[in-house]
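For reference, the structure discussed in these notes is given below.
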């Protein structure tokens, strides 16, 4: 089924200070994570943020922190947040659709996304909000995830499916502030 | 199975005046929608045209209107024409093969096409007659739809499958007027 | 399973005089059809050649005719050779693996290949020996056929799978005359 | 499931002296095979190396030999190492996940990988450590293998999945020596 805001949770993976500068198209990726977090807040979708060894790799980027005041932040040691156990008790456990973005696309994003799929979730990875240091790795990850039935989407697909229809006050707001 | 003109309906999605100018390769996309509508008329395939909030986004392009005098026009408020309900009672409901084109490929075309697939239709999206403002969104939509078993085709595939064979008067006409 | 020369038949589709000049990379495509026919002859794989309305579109290219003295030539009127019925009684009917090449990739090659697949054959379409006037059509055809479980291969894959092993006299001959 | 070092064996296919110079991006491919063998040794994954008619095509590259002192070397005559029988009694037979790299991607790598898949293995082909003389053949092989459920991965995916988590001494070593 399409993404539905009542079923969705946004999972932002490891957008951290000491990793971000090395990511291909880093500014676009982090800006799109911010955009997704803002749209999620506006339509009422909960947000979970993972941080991989923040004491080593740094905290989540300030731009993301600023727009996720209500998000649940969890630390992890396994590359796969699902295998780590850090998602237990979060909205990721409660909601059937997980929209995943962040870095690196072929490491923590992919391992988390595949494990969530095998745990029974419907998983959507946001291509224009996910990156790797080397874009060839990112592209291989997208193809590999497609092969397992995950959906590789764009941030606009997420927004339009969460909104479902035009003509509402909510659509007008999101369209004016984020899409135009 | 291949596309067959007795089983097919052509669904033109939201080729509207205030959206068209912003679509990548807009002229090619709308010209190919016109081409498909003309071939459909020649081989006897019914046409349905959707308009999303025409009072805001404008009516269907005049070039498309001019070649669809017998088409059924329906307005909609949901991005997915299938979810909206506007296709009820149209040929889309009656025929098993729906050939979809229009804009935006990653929003209304994709949502409609996926919902039609999940409603049991065999869905063919015409790549060279479907567009988005940003072509990266269009390409992600085509890949995502492929993952759900939809067929991404070209306008020529549609015409040759509807015609099925050479040597007929119908083939000569369509070949002379549209393919050569 | 891999291609096996005892199970295979080579089907060359519509490499005809009045169509060939308009095909993208026409010389490469027809040269590779010739190459496949020669390798087929050397390893003992039968060849079937289709011609679409030869009285209008011309006979098969002389270069192909010259290397297929033992091939079965059949005329057809449907774009799909399988739907046409012209393959009845040929080796295509008797052998489970059909290796398809020719033109146009998105019309007669694709319609024939899909119909053969749906008739229960294992179908391999040779990418570097199949073409369309517009290469975008060819690429869409390859993706569409992949979605139905057909295998898009290269001419070298065909040769190496037919040969199966090195060290034989047959391998030395084919390697010396065709691969090096 | 993801790659796991307790389940994995690394299979290096035909990285041989008289073939290597003709491979597209030969130096990158062989360097990445060396890299994978080194990481495998560090994390305790066994390595098997095939050589196709070494008396004709030469032995495995010295750079690979130097880092595989404990590997099992096997000769073969069939292009598919699995069909050849040379993998019998090796770790490939005992472990369920086979990580494959080497040359040529569309001949011996592909035939071996497909046959291993059909024999029940979970097969991962390392894209940036596998090559062909003509890169178009390599790309067609990757797509064809995807169609059969094989996973096309990158060397970094292999390393991070074998490591599974940060914070360990093993991770620090591999990260310092191979990833940074």
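Read from first to last, the chains carry the letters A, B, C and D; within each, the first residue is number 1.
Please note the rule applied: a contact is a pair of C-beta atoms (placed from the backbone, for glycine too) under 8 Å apart; a residue touches a chain by one contact, two chains touch by 3 or more.
Note that this is a predicted model, so its numbers are computed, not measured.
Chemist: Please identify each chain that touches subunit B as well as subunit C.
Modeler: none
Chemist: Copies subunit A, subunit B: same or different interface, half of numbers shared as the threshold?
Modeler: Looking at both copies, the contact residues mostly diverge.
Chemist: Report the inter-centroid distance (CA atoms only) between subunit B and subunit D in whole Å.
Modeler: That pair's centroid distance is 45 Å.
Chemist: What's the distance between the Cα centroids of subunit C and subunit D, rounded to whole Å?
Modeler: 32
Chemist: Can you list the residues of subunit C that touch 2 or more other chains?
Modeler: As it turns out, subunit C has no residue touching two or more other chains.
Chemist: Please classify the inter-chain touch graph. Allowed labels: line, ring, star, complete, other.
Modeler: ring
Chemist: Can you list the residues on subunit A that touch subunit B in the complex?
Modeler: Residues in contact with subunit B: 1-2, 127-128, 146, 149, 151-154, 156-157, 160-161, 163-167.
Chemist: For subunit A, which residues are in contact with subunit D within the complex?
Modeler: 52-53, 56, 77-80, 83-84, 106-107, 110-111, 114-115, 118, 134, 136-137, 140-141, 143-144, 147
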